[in-house]
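Labels A, B, C, D, E and F are assigned to the chains in the order they are written; within every chain, residues are numbered from 1.
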Amino acid sequence: MVESLLDPVVLFFLAGLVAGVAKSDLRLPESIYDILSIYLLLAIGMKGGIELHESPIAHVIAPALGTISLGVTIPFIAYAIVRRLGKFSRPDAAAIAAHYGSVSAVTFAVVLSFLTQLGVAYEQFVTVLLVLLEIPAIGIGMFIARWRAGTGTLRVRTMMHEVFLGKSMYLLVVGLVVGYVLGPHGAQPVKLVFVDVFRGALAFFLLEMGLVASNRLADLKRVGPFLVAFGVLMPILSAVFGCLIGIITGLSVGGTTVLATLAGSASYIAAPAAMRVAVPQANPTYYITVSLGITFPFNLIVGIPLYYRLALVLHGILG
Amino acid sequence: MVESLLDPVVLFFLAGLVAGVAKSDLRLPESIYDILSIYLLLAIGMKGGIELHESPIAHVIAPALGTISLGVTIPFIAYAIVRRLGKFSRPDAAAIAAHYGSVSAVTFAVVLSFLTQLGVAYEQFVTVLLVLLEIPAIGIGMFIARWRAGTGTLRVRTMMHEVFLGKSMYLLVVGLVVGYVLGPHGAQPVKLVFVDVFRGALAFFLLEMGLVASNRLADLKRVGPFLVAFGVLMPILSAVFGCLIGIITGLSVGGTTVLATLAGSASYIAAPAAMRVAVPQANPTYYITVSLGITFPFNLIVGIPLYYRLALVLHGILG
Amino acid sequence: MVESLLDPVVLFFLAGLVAGVAKSDLRLPESIYDILSIYLLLAIGMKGGIELHESPIAHVIAPALGTISLGVTIPFIAYAIVRRLGKFSRPDAAAIAAHYGSVSAVTFAVVLSFLTQLGVAYEQFVTVLLVLLEIPAIGIGMFIARWRAGTGTLRVRTMMHEVFLGKSMYLLVVGLVVGYVLGPHGAQPVKLVFVDVFRGALAFFLLEMGLVASNRLADLKRVGPFLVAFGVLMPILSAVFGCLIGIITGLSVGGTTVLATLAGSASYIAAPAAMRVAVPQANPTYYITVSLGITFPFNLIVGIPLYYRLALVLHGILG
Amino acid sequence: MEKRKLVTIVTEENIEHLVVADIKRLGAHGYTSVSASGEGSRGTRRGDWDLNKNVRIEVVCDERTAHAIAEHLMKSYYRDYAMIIYFSDVEVLRPEKF
Amino acid sequence: MEKRKLVTIVTEENIEHLVVADIKRLGAHGYTSVSASGEGSRGTRRGDWDLNKNVRIEVVCDERTAHAIAEHLMKSYYRDYAMIIYFSDVEVLRPEKF
Amino acid sequence: MEKRKLVTIVTEENIEHLVVADIKRLGAHGYTSVSASGEGSRGTRRGDWDLNKNVRIEVVCDERTAHAIAEHLMKSYYRDYAMIIYFSDVEVLRPEKF
């Protein structure tokens, strides 16, 4: 935990969180949120694409299949937990499940920054895993919602549209493709903006996200103790699955940490946008508060260092 | 053409174009467009000013006169073609003529990026040519509109104001003057932001422009086959003139390519804004669709490499 | 003066000023103002924090106490001058006094840029002085307003809130703390964005500020000759105090120049926002025009080089 | 000058595309939308984050269309989304347009 | 459909938080606000700089609350701040909400 | 409370400066403008690009001025620019101001 607190990115997040708690009417203009979120998604994709360029495609197959299996499994587990143990309504449980099956690209960026800071290597294709894990969970969340909650208002085409052409998925994929086509050499002229500037921009964005997350904390009492506990324990459970799949499919300690973090992260851009349209009966206060107000800060401050140790230990035992 | 497709800047443009065609409701917030367009104009001017600092002013005279003659001639040719062959109304023809006489600063930035990528040198004063070519055509477009179309509502003072103090002209000139005064040494402290970051920011902007241009494609059927053909052939015709003037006035192959591209480019910031006010009867769908939806993508993807070959060949024959 | 005119930052300011005077309807979108002002405050704080990390805290004590004494004294002097000599109403005098006791973070950034350009060293803790000088003056301005002008509408809690959690104070302090915790080594990953990009972004911001300041010039006749003179002479007077305190508390020539500039600068972000709420009867045209339309440009173009010479001379005599 | 109805809708920005599609389908000839923030029974929407933005949509149309729009939006979105709708009387110069 | 009052306030953005707090205290159940620029007796407010921004706030409420809001705002801010207030009649579908 | 007219104009942002100058010349004492996007007979204006932005301008004034403004704008811009104008009745507290 101490190491994560010395990452500038995490410090800025804490500063935003404290600002929000101290005085909830300080706010950054929405243009900062808009611009930085678009930039970060593009840059995450692009960095991944550039690295993928150098990576033998064969190596990605086993981890990719493992990741997809995570994306398919976690939402069902999360649904069962929220529905059975938490006694939430079906739409609520389905929407929350989609969030925990999906991923947070910013948490992904922070785990990479964390590993870089520690000098731990990771596989060059991890951004592909990010993309693979983002899609199925949202689809499955929609599927559960339809199947269990009978929300028949949305046509399948619209649903597909929301999933595959949602802003965050689209920007990630554009970055990935452009980065892959260019490779390290071709991307040289734009490297300064899309690679070097990245961590500073991420720090700035996290100040904003700290403010936004702190506003969510006001709703903690509205969501109740079950969801608060879920927001901490579900990521750990998913991260354990992520670690196991990482080790089984041959990832390094670094790569395993990344996959565990992906599994443990909850979406707060793509999933809420998709669920708001696909499962309107679900109460957004629940899924937004738990994913953005609890799991996101938890992962940034406590989760990532924890998953790293977990990966180290399990690699020692099983690897 | 292949080389242009490996320029990150062009790849991002294509990504935006594809996004727009695949799903026209993805949109970047207007603040990104606003900020990047202002930054790019300033930075283009500034880079030009810094380079001009080192350039003997005498060398710029012949090319400058040649450029002005292009700026005066092209609008009349374009007017005649659109009016006689295309049978468009006088205001429409005058407004379109102003667009093709004027220039696109972004296309200019892309040709410089293209030449840098290929390692081809160009004269250091080319940005002056950009500025010289931007002004007269808009004035002449207004003049033709007045003379041929009798649009007497706008006073001369307002017209001059629109031309010389329009946003894009003003920012280019500010950058040029500041860069010139500072020179390479004095500009050192701001070089990172105004020079090094430039190509990355341009790439980002072109993603947005791809989206904007793709929205224009929806109007292709409204403008008809004549304008579509005009949007491809007029740039080539103007580029041939540009090449000839470049060679006659002693520009290098690189400089000739730049002048050809300037001649072949059509304005989509300054000219539309000025024409919308000065020639209100002209239908903006025509001039915006043809300059932004056809000529702009054509130049980026096909035109620039073509004009470079043309410059090479003509230099071989005449140079 | 000549040296300041070759600073890119000052040149951009002039360009904005000229643009505004030539044609008052050119305007940059508000998102640029918003984003850059937030970025600059954070970056100023952060740079200060990083430098402070290496600075023995003991050294800061004497200059800090001296700075606070400036912050407490200057508003009373300014109040007396505006009230007695200028015959302004009590609320007006109190509000103006708060502006001249407080500081302009951008002017601070420009003096650092000026000293760096000249190769003059300054103490690493100067940003702490900036923060110390921003707070008390606003509080004292509120106190004078209450005491002398009987503006009893605002509760003390609200007032404290406005002062300590105002946007600019908050961002400066966040930057300072984060920079201090990280130190030069820890801040390495975000140095590009928060340190290297700084001067370019400042130049861009000053273009905007030139436009904003030029719009204030239209109100010059409304504020009358007394305030115009005050806007030039008060900064000089305060700068003399600043110089003396700097020398007495053992600052170098560079540090003395910085303290003189801080003393001589007038707030145009924090103070207007606080005064508008705390002293509503004061006419904002007065305090905004004089601080932003007169003192700010004066300091940038004439004041800073002048205070530097003053510091040199006084150091020679007293140091 | 002829009378028309002005329907004003304040709702979540993330369903703007759905609402606009409905409005057009129900016969409106146009709409105007602006970004907004606000507060209502569904809490504070400060506009500082994707799912937290409001949009204020205005439609000038005849009374019949106004009612059709309001009824449809009420049925489709009121229960699940932050939304208010109100009507006012306006006069227009080119009645054929609305 | 029942009748309500729409109160529209255009004022300086820097006092938005004060005005909104007052509005809520006086009994309004919600409000909608958008960024604006404009010109009035207090000069041009172009929105290009912190102290130069306007905000346009709308409140749908009953007549009594509308008057309370207007009276309070007039008393508290008219003298010292750029501000206009105007009222219009609107119809709403869920009167209990406003 | 006295009655006034509220004139609302939605048009292209690139002619905002012309329209505002006209409004002031015709006797209005102020106006409020906000950025907008929208759709009408002249196609979709999404606000994502310079020539594609709308602006929504509001003027509170007396009936006479309202008609003068509408007539002038209609004559000068309706044919060539995306523009709608509509009127509504409002009440103001300080009639001398408008």
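As a convention for this text, a contact is a pair of C-beta atoms (placed from the backbone, for glycine too) under 8 Å apart; a residue touches a chain by one contact, two chains touch by 3 or more.
All values derive from a computational prediction rather than experimental measurement.
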Subunit C to subunit D, fewest steps along touching chains: 2
If a chain touches subunit B and subunit C alike, it appears here: A
Relative to subunit C, chain with the most remote C-alpha centre: D
Copies subunit A and subunit B touch via same or different residues, half shared test: different
Maximum centroid distance from subunit E, chain identifier (CA atoms): B
Intercentroid distance (Cα basis), subunit F paired with subunit A, Å: 46
Length of the line joining the C-alpha centres of subunit A and subunit E, rounded to whole Å: 40
Inter-chain centre distance, subunit D versus subunit E - centres from mean C-alpha coordinates, in Å: 20
Shared interface positions of subunit A, touching two or more other chains: 28, 31, 35, 197
Shared-contact residues (touching 2 or more other chains) in subunit D: 34-35, 88-89
Pairs of chains satisfying the touch condition: A-B, A-C, A-D, B-C, B-F, C-E, D-E, D-F, E-F
In the complex, subunit D residues that touch subunit E: 8, 10, 34-41, 54, 56, 70, 74, 78, 84-89
Subunit C-touching residues of subunit E, taken from the complex the two chains share: 12, 14-15, 18, 35, 43, 46-53, 76-77, 79-81
Complex interface listing, subunit B residues touching subunit C: 31, 34-35, 38-39, 42, 161, 165, 167, 170, 174, 177-178, 181-182, 186-187, 189-194, 197
Touching residues on subunit B, where the partner in the complex is subunit F: 27-28, 30, 33, 37, 153, 208, 211-212, 215, 219, 269, 272-273, 276-277, 280-281, 284-285, 288
In the complex with subunit D, residue positions of subunit E that touch it: 1, 4, 6, 20, 24, 29-35, 60, 88-94, 97
